[in-house]
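Provided herewith is a single structure, encoded as structure tokens, for subsequent inquiry.
Chains here go by letter, A, B, C and D, matching the order in which they are written, and residues are numbered from 1 within each.
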């Protein structure tokens, strides 16, 4: 061709780390980001557990769930107030509580002291979400919605950036760089399952890319999370993949916990119930201790 | 488990078409959407060619390119005014002209009469883009940015919805349903290359999923585009994949054409030059006629 | 790390072409391989059509099919005599005729003059298959079964090497190099559908990677085939993907044609019937002529 | 279409388990396969570690490596005597010792008492390999080479069946069913890295699909292995992915250990050295104990 064959970069090169992701890049001193949300430290010895339902279904369920999480030793309450489906219709069973849901999350925090992580997916809702959230979640669908990333970064709130289910390590780091470049400092990277050629059940859509955990920690100083519930889409695999996440070096774990999984408003195959959560907390603590970290 | 094993739907079932994508779904009468942008008809016998540079680099280059496209028989001028990279830095070589770029696109339309397609990726820029664009493009990164989709749909402008490079047919249709549900009627679906396990050059990142063309036309009445330039990332493959797109049933083709590809501000491996565009228009016309359609 | 970060080569570099695939590589003179099977030329202006059922079901069906293919202008009869399923059980409906099937293929050749392509997947059957086959097919499952490749190459028969559904361009070329290195000269490369993250129907498993056609022809002088029937797994998409294959530069097409597709012993969704084959031959001829080639 | 839309089965259904994989399927009694190779038990509390170099490079190196593995507590010696590259050429640095390599493996077993696992990839070498190997490995490239599978099964030796890097769970189980159907009983399933759309370094080709571990154990009673060395292709990630494999429920781990990784004849980025192996054995023991299993 005569045209030089420049690789556009599927992978993260050392040159990329210097010129394209300087704020995200792990430096020679190997210093890793640590920060506190209330009194929960991310990036240190503790592996904080973020747990709760996919969606705030009503005030009572979110309060009951928050209490169960608190009691089992969980650190952060997760739940979506804004949670659109991948098509524009709702059903009697599935709906979004939106601002009303945010208020219930606030109530749950007041009742239990658990900090809140919840998703923002609309530039016009950043302010409303930032008032309630202790950590603002950016979901898979908006990983490269740079306009939203910039507005969320400006709130100076802690942020969890989920990797898009089809995104490269490089694109994920690029989105994190947008956040740090705009002034965010307390950012968590979250692997939540990739689309791969072969999933494992007719009900599964993703596979947790655990190799992304050491890969992300090799290039970046930011703490790395995994979301085994969403990745597996299948409650029986949540425990093994949570333990594997800890063993692989994940700094925090997000879990879907529901008072009555079979009757969850959405994705009923993936949440674990309160008893399963209690049991899993204990197992995670054992594995964490085996690698000199802790969950409790 | 006891829990019923409900498939969450990677594929589009007949039931999905009825309850989740009723507006997008092709009906028993097989009537397909046709609409005109200025006097260019989409969805009919004509296969409109949307061509131009990745980015509006300056006023002169976009005017010269528009004239070359017009002269070769192209129907729509494409170019990005907002065009962020996947990390937040710019270089002397690469920058965005933003609102200034929109003005130059307006100038190009006035000079040539070619309608404009350009991308909007910020809820705060929908109005500005809608003033200039004849077709608003939603890019791969924002395919599931529903807040943006809704605001763009409300402009009532024609829209081209690019498929995310990792998205299923079902998620793509879901995003189109958001647009139609919000009142958009003139919507084009665009396949622009998928991330697959094995691309074909160190410089290639995607592979054009041509099978998605008959697949999308089987489930939906909306016209289907392909973008061979972005999918191949390699100028020598643009011609064969454009011809293949037409033969596979694509209703419109988007092409990257640049006055001096080797010196393009971004992605210099993929644009074709004016002479190559002239030659390709003739070849596309031959293949289109072989299946009873036309490009010229 | 200190360890040099050597890329093991997912893609085919210029260096690879010199040192690893010297026999397969397209040289500066751009001379492409042409060869004849009986009087059917591969690699030239003609695009030979290889058609027939997945499996030799009985003597009568293969004779009837061969006659229909011959009459419609098809060039080569394809059918499997050895055709194991992906698990070791057979049913009343599905079985392999094995050596008996080879004899029926011989009868079909005698009756119609059509050369035969059929698969060999066992080192102990190479001789038996080579006695009957005019072209020996190496299937997706055995693309990297080098012991088999070497034995088949030694027969000096023409060979069609199918790309594994998960293989890189580089691994495919490496397998072709094994064949040429062992003395084979008349080798066809066949793309037959890749596993990708998102297929398009619950019944589809692969997507035809048409971009692999210009990619393979860029690096190699060998003729390139596609197999739209197997790739799409859905009869209605066979015609568009066959036309697209020709437009993309495929040198030969393999098609599944069955006297009664709904009652085919295996994969009943993908074959087209005799009338559909006649119609498709005409359409392929039109598209081929549009790019200065021919099918008839 | 009128044709019934039968899913050909990418995933493993309950019906599949009954009719297509009855021998592989985990039964209602949940009894899992256990067997001993010499006095090493697979499928029980112990997680046997199979370690050694990619390739038998010379007699001295394999003896030294075997002693180091033995001393560190490893259970099985792995090394390839037959190890073709993905193209047919050899170099001064890279070659295969073949039958000579088998003899050195025999010497290493005599010297250390470690049982041997080594690969067979040629129907004509089954007998020779079976004479030396305590476990015969079937590699990724031959997972669906049924002729080879059948001949290896007939030796009645223990077998480790690696999953093809592009294979579904269903195709993997189908190949295991071929082995059991032919009379093999002591079969290990090994996940060794999948081709996914985005790997994590320019030097990486695969990603370990750890979710396949609980998935395989949900459908089958056979013990499940992982191969973190080959999957990661990067020594620094071998430890985290080995620990993660154990936490995810893997029943045995295969590791690449080399006396001088940087000068390994092939794939020098992935082996760990003797000291790293000693350290990893200790860490694996800690994680194994945390889930009530053991490595030592």
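Definition applied: a residue touches a chain if its C-beta (ideal position, glycine included) is under 8 Å from a C-beta of that chain, and two chains touch if they have at least 3 such contacts.
Only a predicted model underlies this, so the values are computations on that prediction, with no experimental measurement involved.
Colleague: In this assembly, which chains make contact with chain A and also with chain C?
Modeller: B, D
Colleague: More C-beta pairs touching across which pair, B-C or B-D?
Modeller: B-C is joined by more C-beta pairs in contact.
Colleague: CA centre of chain B versus CA centre of chain C: separation in Å?
Modeller: That pair's centroid distance is 33 Å.
Colleague: What whole-number Å value describes the gap between the mean CA coordinates of chain B and chain D?
Modeller: 45
Colleague: Can you tell me which residues of chain D touch two or more of the remaining chains?
Modeller: 10, 166-168, 194-198, 201-202, 236
Colleague: Spell out the residues on chain A that touch chain D in their complex, using ranges where they run on.
Modeller: Against chain D, chain A makes touches at 10-13, 166-169, 194-202, 204, 207-215, 218, 231-232, 236-237, 240-241, 243-249, 283, 286-287, 289-291.
Colleague: In their shared complex, at which residues does chain B touch chain D?
Modeller: Touching chain D from chain B are residues 166, 194-198.
Colleague: Which residues of chain A touch chain B in their complex?
Modeller: Listed in rising order, the residues are 1, 3, 5-8, 10, 19-21, 84-89, 121-125, 141-148, 164-168, 170-171, 173-175, 177-178, 181-182, 195, 197, 201-203, 205, 233, 235-236, 261-262, 267-269.
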